[in-house]
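Heads up, the next two complexes both have subunit A, just with different partners, subunit B and then subunit C.
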Partner chain A sequence: MMEIKGRILVVDDYVLNRMQLKRALETQGHTVALAEDGRQALEMLNAGDYDLVLLDILMPEIDGFEVLTRLKNDPARRDLPVIVISALDEMENVVRCIGMGAEDFLPKPFDPLLLRARIGACLEKKRLRDQEVEYLQQVARVTAAAAAMEAGDFTPDSLDDVAARPDELGQLGRVFQRMAQEVVAREQALKQQVHDLRIQVDEARKASQVAEITESDYFQQLQSRVGDLRKILDT
Partner chain B sequence: MARIVSVHSFRGGTGKSNTVANVAALLAAGGRRVGVVDTDIQSPGIHVLFGQHSAELPKTLNDYLWGRAKIAEAAYDVTPPMEASAGRIFLIPSSAHTTEIARVLREGYDSGDLVRGLRELIDQLALDVLIIDTHPGINEETLLSIAISHTLIVMMRPDSQDYEGTGIAIEVARQLGVPNLLLVVNKVPAVLDRAAMQAQVEQTYNCPVAAMLPHSDELMVLGSEGLFVLRFPAHPMTALYQQIADRLLV
Partner chain C sequence: MTPSEIIDRATFAGLLDNLGGDVDFLGELVETYLASSPELVAGIQQAIAAGDAPTLQRAAHSLKSGSASFGALAFAAQCRELEEFGKTGALAEAQLKSAALAEVYAQVAAALQAELHTARRSPA
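Up next, the complex of A and B:
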């Protein structure tokens, strides 16, 4: 299976650890950004788009716990996976971080094979999670499209990306889009027909045909006798 | 005084006879004595809806017009079985024989005779309402029917070919001084906004719409087998026919 490459933010106050991780991760094909403390890490997370954070726990000022807390309290970033970096004698802190929502931990000193395995597993999990989120969002788009259809304000191109999916949801999107287009076309044709009602009565031609009838001898005679005929019936 | 109602359309196939028969049935079910005169002498057909066969109708309107019978002899009580109603329906059919039809087309008839005959009917049968099922289009017979009516119902379909003809019929009726003009739009596609369309029809013809009858395959099958409103009293279509019947009594 092809290894997934990601954009990874490494947060560690110790420069040698940062450089060592950067080298190892870039060797594995990932794109790496570095933050030397918690404050810089939060700034970079606000400004950029990452697939994974490698987070040291013990740092001056804003430590790993605080960074983790802020990430998990941010609805836009709470699903960003975090692997904590720790020495084996900091197991209590690791357990606390996992309890706060960290995905995994990476012991110092770094073992390249373990690093590759944990990063790979974490990115794969994120990819599946992203797919699931996108799937659910697109299902919600189809149900919203059904509501819009009922309300009469559906626009067919609003489902273009759902319809482009190769799976069953994509098929549902394509069928829905086609049916909606047919309904819209039919309704437009009918509205046009109602519109034509007003414009297709040619008043000049109608007046000429009415005159042809009302100027006939029979009509003139009838009009002069209508009072008498009604009297026969009404009296 | 009996109310005289003509039901007309500029073109054929608008459901005129079906509407006449069903409205007559509802009026009778409401206790009214109703006469139905088929003046569509060129292509008679409403008798079928009342379960009559032309071979079993010895006298027709034609016999009266040629002086071969009194008009009451051409009136048939076609009242269907109805619970607790004193109402009746009397049908005065036209002849379905081609020689009779050809004679009318060739010679015409005296309009005064027809009007006096209708008066006799009203008196002898004590009618509350007399409904005239006319021939489509404008000819001398239809002009006469329209002229003597208290109410004219013009039936149309939402079809460009009906729009202009309906306007002509309405205008001619206005010039003849018909007191009440009503439109009935039939065979309206179910997906169409009926309220919006009704508003547009009323605005176009400056004439009230008595009912917007939907197009229905179910009705086309069931409607040709007799009086729909009596077989399906709870059907929404029956309520729409009732709406027309109510307008005739106002």
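Up next, the complex of A and C:
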């Protein structure tokens, strides 16, 4: 199975840990960004897009607990996986962090094989979760399209990305899109027919009005007078 | 103590192995450790003098982590105790434990440089 590569934010106030983790992660093909403390980490998380955070606990000012709390309270980032970096003699902190929503922990000193395994498992879980979220969002798009269809403001290309899926949902999207396009096309044809009929009716009405006038006694008299006048003028 | 008693060779070799045998990068790590540790040692002593337990805990924590990764296990254990004193606020005990900290660190630094020198001369 191909290993997933990710954008990883390493948060550690100790330069040696940052250096070692950066080196190990880059060797494994990941893209790495470094934060020297909790404050910088939060700024970087607000500004950038990451797949995973490796988080030290004991840091000045804003520590790992605080960073974790803020991440888990942020609806936009609460699903971002966090692996806590910790010495084996700090298990109580690790347990607390996992209770707060951290995904896993990585013992110091770092073992590259364990690092690879935990990062890989975490990124795979994130990939599956992202897929599930995307699936549910696209299901919601199909139901919204159905509501838009009923309301008469459906636009067929709003389902293009759902229809592009290779699975059953994609098939549903394609069928829905095609049927909707047919309904829209039929509606447009009916509208055109109604428009054409209206023009014909208008023309018939005008013809009828003209006939009504030309067949009236008054019109006949006028026409007769015009004839008489022409004769006088011709003589 | 001899350099081999100060630095656990298996741990040091394991670190080099984890770095794929890259002695140059190992050298960078050692240099960074040697550049940052005197400040941490001083920070520990200043924190104890100032009665600042959280700073003691953090400085001892970092020094423990770096020292352990190079195999300076006895020194790391001493730092671990200081970290614990910082955590519990036992500053009097920390004062006693840190008395010879700078001297022990100097031994660690010298032993580490010797180990690095040996690693640089060894065939990859």
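Please note the rule applied: the second predicted complex is superposed on the first by the 202 of 235 C-alpha atoms of A that agree within 3 Å, B and C clash if a C-alpha of one lies under 4 Å from a C-alpha of the other, contacts with A are read in each partner's own complex, and residues count from 1 in each chain.
To be clear about the criterion, a residue touches a chain if its C-beta (ideal position, glycine included) is under 8 Å from a C-beta of that chain, and two chains touch if they have at least 3 such contacts.
Just so you know, these numbers come straight off a predicted model, no measurement behind them.
Visitor: Under the stated touch criterion, which partner chain does A:L190 make contact with: subunit B (first), subunit C (second), both, or neither?
Guide: In the superposed model, A:L190 contacts subunit B only, not subunit C.
Visitor: Once the shared chain is lined up, is A:M59 touching subunit B (first), subunit C (second), both, or neither of them?
Guide: second
Visitor: Once the two complexes are aligned on chain A, which partner has more residues of subunit A within touching range, subunit B or subunit C?
Guide: If we count touched residues of subunit A for both partners, the winner is B.
Visitor: Please indicate which partner A:A164 is in contact with in the superposed arrangement: first for subunit B, second for subunit C, both, or neither.
Guide: So A:A164 meets neither subunit B nor subunit C here.
Visitor: Kindly classify A:N17 by the partners it touches after superposition: subunit B alone (first), subunit C alone (second), both, or neither?
Guide: second
Visitor: Is A:V210 touching anything from subunit B or subunit C once the two structures are fitted on A? First, second, both or neither.
Guide: First partner only.
Visitor: For A:P109, using the defined touch cut-off, is the partner it touches subunit B, subunit C, both, or neither? Pick first, second, both or neither.
Guide: second
Visitor: Jot down the residues of subunit A that show up as touching in both complexes, subunit B in one and subunit C in the other.
Guide: Of subunit A, no residue contacts subunit B in one complex and subunit C in the other.
Visitor: Once bound in the complex, which stretches of subunit A touch subunit C?
Guide: 13-17, 19-20, 23-24, 27, 58-60, 87, 89, 108-112
Visitor: Taking the complex as given, what residues does subunit C use to touch subunit A?
Guide: It comes out as residues 11, 15, 18-20, 25, 28-29, 32-33, 36, 55, 57-58, 61-62, 64-66, 68-69, 80.
Visitor: Which bits of subunit B are touching subunit A when the two form their complex?
Guide: Touch residues, subunit B against subunit A: 1-2, 4, 111-112, 115-116, 118-119, 122, 138, 140, 143-144, 147-148, 158, 160, 163-164, 167-168, 171-172, 175-177, 189, 191-193, 196-197, 200-201, 203-204.
Visitor: Enumerate the contact residues on subunit A facing subunit B in the complex.
Guide: 186-187, 190, 193-194, 196-198, 200-202, 205-206, 209-210, 213-214, 218-219, 222-223, 225-226, 229-230, 232-234
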